[in-house]
Amino acid sequence: MRSPALRLSEVTYTYSPGLRPLEALSRVDLEVYRGEFVTLVGPSGCGKTTLLRLVAGLAHPTAGEIEILAGDGGGVGFVFQGGALMPWRTVCANIELPLELAGVASQRRRARAREMMELVGLAGFEDSYPRQLSGGMRQRVALARALADDPALLLLDEPFASLDAFSRERMNEELQRIWLANSKTVVMVTHDIQEAVYLSDRVVVMSQRPGRVKGVFTVPFEHPRPADIRYDREFAALAQHIRQAADSHSSEEEQESISVVAEFF
Amino acid sequence: TGATAAPPAATERVKIAMGFIPNVQFTPMYVALEQGFFAEEGLELELDYGMEADILGLLGAGQLQFAIGSGDQVVLARAAGLPVVYVYDWYNRFPVSVVSLAASGIESVEDLKGKTVGVSHLAGASYIGWRALAEAGGLQDGDVTLQAIGYTQVAALTSGQVDAAVCYYMNEPVQLQTAGEAVSQILVNDITPLPSNGIITNEATISGKPDLIRRLLRAFDRGLRYTLDNPDEAFAIAEKAVPEIEGAREVQRAVFEACLELWDTDELGVSSDEAWSSAAEFMLRDGLVDVAVDPASAFTNEFLSED
Amino acid sequence: MGWSRNAKTASQVSASVVVAVGLVAAWEAVVRLGGYPTYIIPRPTEVAAKALQVVRNGTLWQHTLVTAQEVLLGLAIGVSLALVVGYLLSTSQWFERVLSPYIVAAQSVPTVALAPLLVIWFGFGMSSKVAVCAMVVFFPMMVSTLVGFSSVPEDLRDLMVVMRANRWQVLTKLQVPAALPVLLGGLRLAVTLAVVGAVVGEFVGADRGLGFLVNMGKGIFDTPLMFVALLALMLMAMALYVGVLWLEHKLLKWRY
Amino acid sequence: MGWSRNAKTASQVSASVVVAVGLVAAWEAVVRLGGYPTYIIPRPTEVAAKALQVVRNGTLWQHTLVTAQEVLLGLAIGVSLALVVGYLLSTSQWFERVLSPYIVAAQSVPTVALAPLLVIWFGFGMSSKVAVCAMVVFFPMMVSTLVGFSSVPEDLRDLMVVMRANRWQVLTKLQVPAALPVLLGGLRLAVTLAVVGAVVGEFVGADRGLGFLVNMGKGIFDTPLMFVALLALMLMAMALYVGVLWLEHKLLKWRY
Amino acid sequence: MRSPALRLSEVTYTYSPGLRPLEALSRVDLEVYRGEFVTLVGPSGCGKTTLLRLVAGLAHPTAGEIEILAGDGGGVGFVFQGGALMPWRTVCANIELPLELAGVASQRRRARAREMMELVGLAGFEDSYPRQLSGGMRQRVALARALADDPALLLLDEPFASLDAFSRERMNEELQRIWLANSKTVVMVTHDIQEAVYLSDRVVVMSQRPGRVKGVFTVPFEHPRPADIRYDREFAALAQHIRQAADSHSSEEEQESISVVAEFF
């Protein structure tokens, strides 16, 4: 489990629209091991989405290097922040898309899509178009699509942001189950620190723009984790620590101590 | 009178570009086809209905071997270096006329002074016809307002946009007359003769296939004669060849009659030296061409059947 | 729902009839009030009588068939070419910027000026008409392809990249469906222009087809015949256009 | 950034020059290999000589000015009308379905058939050419308006409703900007067709303008003159098209 | 404060795309008082967005009635779930839009927009286009726009879903401040029950599709509420109750008892 799946070395990314360049990421170092579940948390606009896009190859670092060492052959599953559903495809056809691109026969595709829809609680909406779905339902379609062709690397950008607490917890459990069953590498962005701690092997806390890695927290609990581990004292303490680390108002000195705490876990 | 040649070994395919849509004006051609005159000459004739302006260029470039066109165009074309030659004078009289509604009281060239005259374009046979008529009739620049009106003569006349329009004798005037409008017209040919519509070929064909020209003209000549001799039958043949005229039979008959007037002559097909010389001189004088064209090179009677 | 849709279609059809009748009435009124003689604008009744005649004797049908063939062939060729060229140009903005003005230049050459070359290259037969038709169709379709392809949402492009779609898959599964509204808009223009194109092609020189019939009617001073041919052309264009609307209805139903 | 943009523009310009030179070379090659005489296709040098002549004596400029006026007026009228009619039709799908086929029908009438009516209504002055040009421009612009307005995102429509925007505000602040890419696509077609339209208008009967010059060149077998006029028409169309591209660049910069 | 701003009586809404009609809301009764802050919580797809749309007049009930009794003249501010920003307008111009429509002079518009951008933490991004923003930044633009012309009725559809915990808490406080200062009527949808309790006068819990009102909880704390009220015992208990009520897996009988609890608060 210690062989790396991807490695970012001193990655800097600068957007340059028009005249003012905007440094979104600054010298980010990060290694994600094969089969690891890593979560990124950090303030809005700190470059989390940018980081995922770089990993997915949708953009190339302005400086530094990214190595994708996966080599499992499996593709990449990406849940985009906005969903990125094709409005002209039904829910089912949207979920089938990656299978279609991989040349899977239509019957197996259909079966797999139904399975996925069941999983995300959308059975019965096969023939609906995205615009006929609620926000949370669309997000679940995006998740189902990302999971459909069982990719080795999953990049999830706030996949549960529009879900109610209960759906969210259920989806968390499903995701954990799938991850454990297929030993995927997952990099997820979330704003929910409980969720981050519940799912991850490590939580990466990023700083305000330009995004830097402010601290990395290893979550010590064994997988699979029961749902009620959230009420565990140690869990709560870790979550609280991460919360403090993520607080953009904490000063540099405080951050020093955070790193120490991070080492501790 | 058409001489019958010995039937040749194989039929030869020839194309002739007519320069206008299928029409009773082409009756002699239809008659010659229908009566088998071309077949008797060993010719399988194909009629192409392209637009006049393109035809001489194609003829000159050797893309075509025969075309129908007017003599003035041949002068223009030769001045521009096109090796085209006029070999059969079909329309004995230059068919362009200046038409006006009778109510306007225009009866002579003199009456046109101060009027607006419509002409299709500032080029082409009708324009050259107009220039010839104006010159011969003593009109000075500025005596009339010339207006390019495309092919809207009837609308332009009846709506009063122009006082007179330059037309083909057998077209718009006939249409107006059969529609009950009284018109008066001045035929260019009555003021100044110009080489009119006939069959044109190119120098390559003349040097390469003189016999082909002879045979074609012989067949056509028989068609023309037959038409003049049997107008009713000829018209019936035209009706069959151009079924679309069914609904406009009366007008077309009138057009046909007008054509007969223009075609009828003692010497079918023969071009006159004087007409060509005066045309070539006039066109140079008038600036319509900027190099002198030798009339002798522009036409020849040598392929007409020796009676 | 089913009922209301039928009702809607029925109301559309009946409204269309009303409009058509209204137009004929307006036509009659224009002729009467303007005092135009038959040889300028014939009356509806004269045209109807002529129509009956040419329908009965088969003339109309025969010419319509010729033009329909030219239009359909021209459309097929022009649209396919436009899609291919449009796609190629859309792959590089630089390419497009450099080349498209020349395509525009080619478009602005009037057909009459091209006539001799058309005759040399295609002869007087059907192919020259098909060529003119295809040329006329090409441009609006190419511009639509360019505009349509450039309106593909960025997030979906990214999606396809992440899913490692190949070029062909990106084209068929993303670009074409995303551009479809605009492409179909282009097709609306193309079908209309195709009819005009075939007619212009026939004007260059033809002895059959509806454009020829228009010329014929004009040439033999049979304006009712000309109007019958014009009406047939209009109906052909309308039929094609309604066909495209129907296609839009089918293909873009996710929008409604 | 500034540098790279200049470099890009420079590369575009130089590539355009290369393409232009290539086309001239191809033209020369076609003439030589095809063995076409001058009166079918003149050589580039002959055309250049003729161009020099008509530029010197002012002929070309004078005719270009006439056609340019017709084109610009026709564009202005046709585009405005199309926007208005397109907008009105877009307000009701039912309306559109019922009426648009008739607009299509009107479009498919060849200009030559309309010539007599044009003459009666507009006379032989510039107005008849402007009318033809406007008619030709109208349709692609109208279809673009329809397609563009129907592609306005639903959530933004809702936004405008919630904000109690009036019709005019919805039009100017939502529909037009949202439809702009498609509208500008329509304008690309419109400017090109406007040139063709003015020329066709001049063919109906004119004694000035570049279309007239083409006809004239053809009529007097002065093919170099005809080609000079054609080149002037092409340049006009290209200039207008590049103008629209520039406008797109300015107006759609939020996309890049 | 007891005069009603809007009243829904037996409101039912059915979407009918194609053949299968879908009942999104079923006999919803709800009254919102002038100046009240009401929050809707409920599972994904239960009709929360639909309800807001009905209140905003973007759709009309299939059955039942909606009365808007506001009459304050002020408009409606709506934060859409998807943001609904105009891609061709800069951030600043997007925020100015409602003012522009109201005919406010350009200088005052600009000043107000800057103020709003300051408020949502986007100063410096005036001239950016929406596509140059991160997901959370876009959401904040949408909020700034909704607040710009100081509407009497605010309809907020998950306005903070893409914000990190800290930005979210800060925005919550700002929203509370604005609401108190201008006595607006607010109907907000959220999936964060803490947020709901922190901000609302009443929390409405909706049931799984078709959406019904399952319970209404009155939040007894005085306004303005300090940020650390979240750690208050009573606060936590109420949140816990609402969480239970919102659990879509609870049976009908349990729901009965929920209503009783709801009465109690």
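Letters A, B, C, D and E mark the chains in the order given here, with residues in each chain numbered from 1 onward.
Note that contacts are C-beta pairs under 8 Å (C-beta built on N, C-alpha and C of every residue); 3 or more make two chains touch, one makes a residue touch a chain.
Note that the coordinates shown come from a computational prediction; the quantities given were computed from them, not determined experimentally.
**Q** Identify the chains in contact with chain B as well as chain D, in label order.
**A** C
**Q** Would you mind telling me which chain pair, B-C or A-C, is linked by more contacting C-beta pairs?
**A** Between the chain pairs B-C and A-C, B-C carries more contacts.
**Q** List the centre-to-centre spacing of chain D and chain E in whole Å, with centres computed as mean CA coordinates.
**A** Each chain's C-alpha centroid was found; their separation is 50 Å.
**Q** Just the number, please: Cα centre separation of chain B and chain C in whole Å.
**A** Each chain reduced to its C-alpha mean, chain B and chain C end up 37 Å apart.
**Q** Of all residues in chain C, which are in touch with two or more distinct other chains?
**A** Expected reply: 40, 112, 116, 120, 203, 215, 218.
**Q** Two or more other chains in contact with one residue: find those residues in chain A.
**A** Each of 18, 82, 129, 131 in chain A touches at least two other chains.
**Q** Please list all residues of chain B that touch 2 or more other chains.
**A** Only 57-58, 61, 151, 154-155 qualify.
**Q** In their shared complex, at which residues does chain B touch chain C?
**A** Chain B reaches chain C through residues 20-24, 47-51, 54, 57-58, 61, 63, 151, 154-155, 158, 171, 174-176, 178-179, 243-248, 251-252, 255.
**Q** Could you list, by residue number, the parts of chain E that touch chain D in their complex?
**A** Spelled out, the residues of chain E in touch with chain D are 53, 56-58, 75-76, 78, 80, 82, 84, 86-89, 97-98, 100-101, 129, 131, 155.
**Q** Could you pull out which chain C residues touch chain A in their complex?
**A** These residues of chain C touch chain A: 153, 155-156, 158-159, 161-165, 169, 173-174, 177-178, 180, 252, 254-255.
**Q** Across the complex, what residues on chain A touch chain E?
**A** 15, 17-18, 22, 41-45, 48-49, 81-82, 127-129, 132-137, 140, 157-158, 161-168, 191-193, 243, 246-249
**Q** Contact residues on chain B for chain D in the complex?
**A** Residues 53, 56-58, 60-61, 76-77, 79-82, 118, 120-124, 127, 146-152, 154-156, 159, 161, 288 of chain B touch chain D in their complex.
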